[in-house]
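As structure tokens, here come the structures.
Both of the next two complexes hold chain A, though its partner changes from chain B to chain C.
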Partner chain A sequence: MSTNDHHHDGHGGNGHGHSNERMVSVRVLRQENPHSGSHWESFEVPYEHGMNITTVLLRIAANPVTTDHHETTPIAYDSCCLEEVCGACTMVINDRVRQGCSALVENLLKDSPEGITLQPMTKFPVVRDLLVNRKPMFESLKKIKAWVHVDGYYDLGGGPRISQKEQEKAYPLSCCMTCGCCVEACPQFNDHSAFIGPAAISQAVLFNAHPTAKVDRDDRLAVLSGAGGITDCGNSQNCVKVCPKGIPLTDSIAQTGRDTTIYKFRQWFGR
Partner chain B sequence: MSEPGIESKPSAPPADYHFLVKRLHSLSGLVPIGAFLVIHLLTNARILAPGLVPGEEFQKGVDQIHGLGPMLLPVEIVFIFLPLLFHSLVGFQIMRTGKNNPRYYHYNSNIRYSLQRWTGVIAFFFIMYHVWQMHWFGEPIGGGKFDPEHAALSAAKAIQSVWWIAPIYAIGVVASVFHLTNGIWTSLITWGVTIKPRSQRAAGYVCATFGVIVALIGLGALNGFKRFGADTVIPKSSHTMAGESDRNVG
Partner chain C sequence: MAKQHVVIVGGGLAGLAAAMKLAESGIHVHLVSMVPVKRSHSVCAQGGINAVNDLTRQQGDSEWLHLDDTVYGGDFLQHQPPVKEMCDWGPKIVNLLDRLGVPFNRSPEGFRDQRRFGGTLFKRTAFAGATTGQQLLYALDEQVRRWESEGLIEKFEYWEFLDLILDGNNQCRGVVIQDMFSMEVRSLAADAVILATGGNGLIYGRSTMSMICTGGAAARAFRAGVKYANGEFVQVHPTAIPGTDKLRLMSESARGEGGRVWVPRKPQDPRDPQSIPAAERYYFLEERYPKYGNLVPRDIATREIFDVCVNQGLSAEKGHLCVYLDVTELSAEAHKKLWGILEIYEKFQGVDPRTTPMKIFPAVHYTMGGLWVDYVKKDQSGGLALDSLKNQMSNVPGVYVLGEADYQYHGANRLGANSLLSCIFAGLIVGPAVEAWLKSLPKSSASDSPASLFDNAVKPHQQRMHDLISRAGGENPYHIHNELGEWMTRNVTVVRFNKDLTATLQKIDELEERYSRVGLADKSNWTNQNFSFARALGDMILMAKVITKGALLRDECRGAHYKPEFAIKGPDADDPKKLHQQAEQWCKEFKQQTDKWLKTTIATYTSKGVEFSYEPVDTSLIPPRPRTYGLKGAEIIEKTWKEMTQGAAQKRTEPIGKPVTANA
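And then the complex of A and B:
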């Protein structure tokens, strides 16, 4: 990256054109398909005021030429909402998992002036480049029945009222976008553990507190107290620190520790 | 809401003993192993107590324990050795399911997560060596055998035998105490006692204070054995040291 002054914002203040343009070096871990190996490619992208990682990837797609002048393919990645709500663009940026759309280049360069590295998340199968398959997370959600079970086609009428206090507890948990940050940072979530991960545990807490979804509470607790459930958490508390939605995951984890203990004792000693 | 009679039944409990094993792992770390560690270090610290004869207080503590007579070995096996073996085996198994990553996510809690694993391994090898040396084989690799009849002197001789014994013991003690202290903190989450960040933080302060005190007790005891005999003249006619009085240490 060339050192230009921070006034440069695309308005061409000194009119010297490209030679004076501030460039950002970006290293990307690329992988052609789910079965191929991976390799690094470097790019230089002209800096734009307010640019985020999605912008960087768009600029590379428009001109997919590496730093050493090799023609290459545009980088595959996922994105949708562009406002940190859908979780699709989650990737490992400068060794830390986060969303690309809310990662501002300006802030990234403050911590790492040498440049930016982009990698796919390591806990999921790579489809191509930065695009991963987050299926393991959705499988976990299925295991703990992360839904409100409504049987039949007829009109059930209005649901039970939920108090303001309950709502305030449930709302933060409901913000989860299954982005994968928490499981990426979790030391206990990996290929040699069956752990369902913090997001699913927190969703189980959310649905167990819901007056209608409660009917499946014991099913959820059975899964949570089984192999791959709550006992696989090692209390490193990374999950709560990396969650972009600030979801109180460790509260959910401790709550589940308490609930499963009571549930199991009830099972062992009969109600 | 569900209709009467067709509400969902809890699925059959998983056929494995996963939950039980993990909860027993947690429990065994607290009692008996954790409780034993604290009592053990407290007994050792009695070497620092001033008595008529050096090491007299410590000898009294050892005599109390050995008062169990022939029951001592079974008690040691059932309440210390087997729980420790169980905790260690499950502990190594738990370690295999994790991938430490404090390099990328250097939060305090994540560093403690890694340290919990490393100190477990250190404690394991240290305890193996410690028991092997003091209980059975004595000197071959430094140290010496503990003799309950001459508690203070034999322990001091073991600690003073070679220069590296005291540092190894210091590392072993600090690692074990850290492991216990951090383990108490995580066990409060495991069992769902501390749920909110505020209560977890408060528990953190209590555990840290407890840990520092226990570590100081342990290191103080170690220092007591290291210096034993260095600045005291052991009286020749000491009854506790009978037969050993001519063999001074240091």
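And then the complex of A and C:
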């Protein structure tokens, strides 16, 4: 509530900063639409205590003027929850893919005092500026049947008993926000490859382990054994390093490697 | 005849539950959402979902007590039949979610673990870590994806709802929507429309809500003729982490797992909080509310934190209002259960809450009010007649409303972990209601309506967009939004005074006038977020009026709506006889207040502006009684109230052996 923040300008919408105010330099890679070229624009934004990248973008929206006093448009970007649980505001910040909301300016400046650069993710079509279309990721979830195929939504009692150990394995996998960090960092996920990417592989592991969902296990493994499946993984291990939720993606990949091998053997022997 | 279609707007828990339930019945759904549905605001719900369970049942719990906690916590402002039905469904819903694969935390034996939440004495809350909303949303998102792949659900993601399309009989025939990428405005025919569009916290500038929670869709339905109920009831969550772009929720589960709220007894004690001895800490909730302790209902915890900081000057820091929420004494096991929220604190504050008490302050959190919806009571059970087409239907035929966007379940104050339940419950029961509605329609579908109906609905929105984009005004929409947020937060939240509310209404009028002169920095016709925001600002201004005027008119204290000028003074005499007299006087005034104000506020949009009226509340199951959590003289008031009402139906026990009668 506002009473909380009178020690700093927490409400934004501020105009140009005073000359003695600490300013943050931000460079943004801009693109008007999917078909246009891109260009850089620079902004100076007054620093606020606790400020994150989504705040920077809000302040620019309220005062879209570049460093060289050129009037421009607010920057288009995706954002929703602002607490790193929806995955929307994923972008490339200082050359690292992450969510804008949890990227604190103070920490960014520690590593890069000269300023901050913001770019859209490169593995998805740009819609405008920092906003990209991640629909292919959701489509991948269909391919691997990332759901529990239940009989219906009438009351049929509870689900299967699940041990603490199983829950502790499932929960982290189930925290995947489909944000796209892993595929952005993955060298194998690109225009020239059909690789389904770490997020979808990890979801397959989640559902293959579920007592009910595992009825579709072979269907999932068939997809992951085929073109764009597990063999496309180059084992760079970039995915696990950038996952904001610390999901053990490489464990999921290793697991899928074993599971698909056994699956293929079973196929050869007709079982 | 073309196929019948249902349009669902909003892909949070309520919208997704409705979509999968309708798809199960073979009904075709068009699901419209401003964001990919997996990113909906439901992900922010942290603590859990309430339902009576085998364990609590053996400790004396029942669905009836869940109902009682909910209506008592909500200060009796909600119609009781829908709440009863919801509480009855609680165990079934949690079972269903369990079957859908939600990774609920487990007991050592493999059963679902439970935690305790505010406003109850039972461990009634099932949870998945501290990201229960996310986990529930994902489970429903997966089900909807399955139906999408089977062709029963078609998604319109990154499309924004603009309007309802009503025919000459005021019946809904579809919606006007806009592609947020191409900015194309189009119509979508629908034989029924379900609005599950969430709350409107952004009216307050920063809140715990997501950036999409402008309430724009509800405001547009309101303009189109849907009544809006109890707008003035806005939940302020007691514990949030202040931030420059939003106020991040720190879930009630932190207290549910044993977290304690305190301030140093010495104002702004400069010592490291960990070095302050217990005797010099003021655990004010525990001291003032020995029965519920840190788990009093939210409106009360919020007011107490506010009181301690603002009135008593005991804020933990100077110039930065906050209290400590301390989980440092909890076990590693409890920390693990709270991982999701402790991580948020650590990420955004750069401090580890496992070793240092968190600094928190209240923030606007939940919209109890919402679009008006109907229900049909089943006399035998006191719950709902689920075969009726009227359940969850608004006053506009064919328009249904669910979730935080409706006003139905939480009265004057929502209990923690009841919102996930109400969203999914309404989503499931709207299935049979919409099915009955579709069957009741003559043998034609909305898409057979004349093309002119749809064209005429689309055109004004194209024109409005053109007008707003081409306007050469000098006003900045972001500045107007900031001012609106500051005024609303200062005057229309925790403590409300009529003179401040009146001033706020004047301010809103001024902002509305300035809004008419808004000029946009972005004049493009492609993915123009500047425009979308400015349009939603107009909706926020309208609903700010509904909230503030509703608050001004309601001269009483009820749940989250607290006006000290109209609080009934608690009995405090030392002399027992005098004390009794005071208690009688208190109860008399309470009775008068209840007779006058135990009513739903109804706002109606008319050509002359917003009009207000009041509707009675169905309290047929549990008669209203004073809500006395921690009130001075609570015992004597409760005793006197019982005497005055002859003890009838005051006992919090379930009638045994027969269904609850409709009228107690």
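The rule is short, and it goes like this: the second predicted complex is superposed on the first by the 248 of 271 C-alpha atoms of A that agree within 3 Å, B and C clash if a C-alpha of one lies under 4 Å from a C-alpha of the other, contacts with A are read in each partner's own complex, and residues count from 1 in each chain.
The criterion applied here is as follows: a contact is a pair of C-beta atoms (placed from the backbone, for glycine too) under 8 Å apart; a residue touches a chain by one contact, two chains touch by 3 or more.
The model shown is predicted, which means the values in this text are computed figures rather than measured ones.
Enquirer: Of the two partner chains, chain B (first) and chain C (second), which one does A:162 touch, if any: first, second, both, or neither?
Expert: Second partner only.
Enquirer: Could you say whether A:62 touches chain B, chain C, both of them, or neither, answering first, second, both or neither?
Expert: Second partner only.
Enquirer: A:222 contacts which: chain B (first), chain C (second), both, neither?
Expert: So A:222 only meets chain B here.
Enquirer: Check the residue A:261 against both partner chains and state whether it touches chain B (first), chain C (second), both, or neither.
Expert: first
Enquirer: Which partner chains sit in contact with A:142 here, chain B, chain C, both or neither? Use first/second/both/neither.
Expert: A:142: touches chain C, not chain B.
Enquirer: May I ask you to name which of chain B and chain C touches more residues of chain A?
Expert: C
Enquirer: Applying the touch criterion given at the start, work out whether A:212 contacts chain B, chain C, both or neither, answering first, second, both or neither.
Expert: Once the two structures are laid over each other on A, A:212 reaches both partners.
Enquirer: Taking the superposition on A as described, I'd like to know which of chain B and chain C A:253 touches: first, second, both or neither.
Expert: first
Enquirer: Would you sort A:27 into first (chain B), second (chain C), both or neither based on which partner it touches?
Expert: neither
Enquirer: Report, in rising order, the residues of chain A that make contact with chain B in one complex and with chain C in the other.
Expert: Correct list for chain A: 149, 156, 212.
Enquirer: Which residues of chain A touch chain B in their complex?
Expert: Residue positions touching the partner: 95-96, 149, 151, 156, 160, 185, 187-188, 190, 192-193, 195, 212, 215-216, 218-219, 221-223, 225-227, 229, 231-232, 234-238, 241-242, 248, 250-251, 253-261, 264, 267.
Enquirer: For the complex, give me every residue of chain A touching chain C.
Expert: So the residues of chain A in touch with chain C come to 1-8, 10-13, 32-33, 48-52, 54-55, 58, 61-62, 64, 71-74, 76-88, 101-102, 104, 107, 127-128, 131, 133-135, 138, 141-142, 145-150, 152-153, 155-159, 161-164, 166-167, 170-171, 174-175, 177-178, 207, 210, 212-213.
Enquirer: Which chain B residues qualify as touching chain A in the complex?
Expert: Listed in rising order, the residues of chain B that touch chain A are 1-3, 6-14, 16, 18-20, 22-23, 94, 96-101, 104-105, 107, 109-110, 112-114, 116, 186, 189-197, 200.
Enquirer: Inside the complex, what are the residues of chain C that reach chain A?
Expert: 20-21, 24, 35-36, 38-41, 43-44, 92, 94-96, 98-101, 103-108, 110-112, 128-129, 131, 134-135, 138-139, 142-143, 145-146, 148-149, 157, 181, 205-206, 210-212, 236, 242-249, 310, 319-322, 340, 344, 347-350, 361-364, 428, 476, 478-479, 481-482, 485-486, 489-490, 493-494, 521-522, 524, 526-527, 529-530, 533
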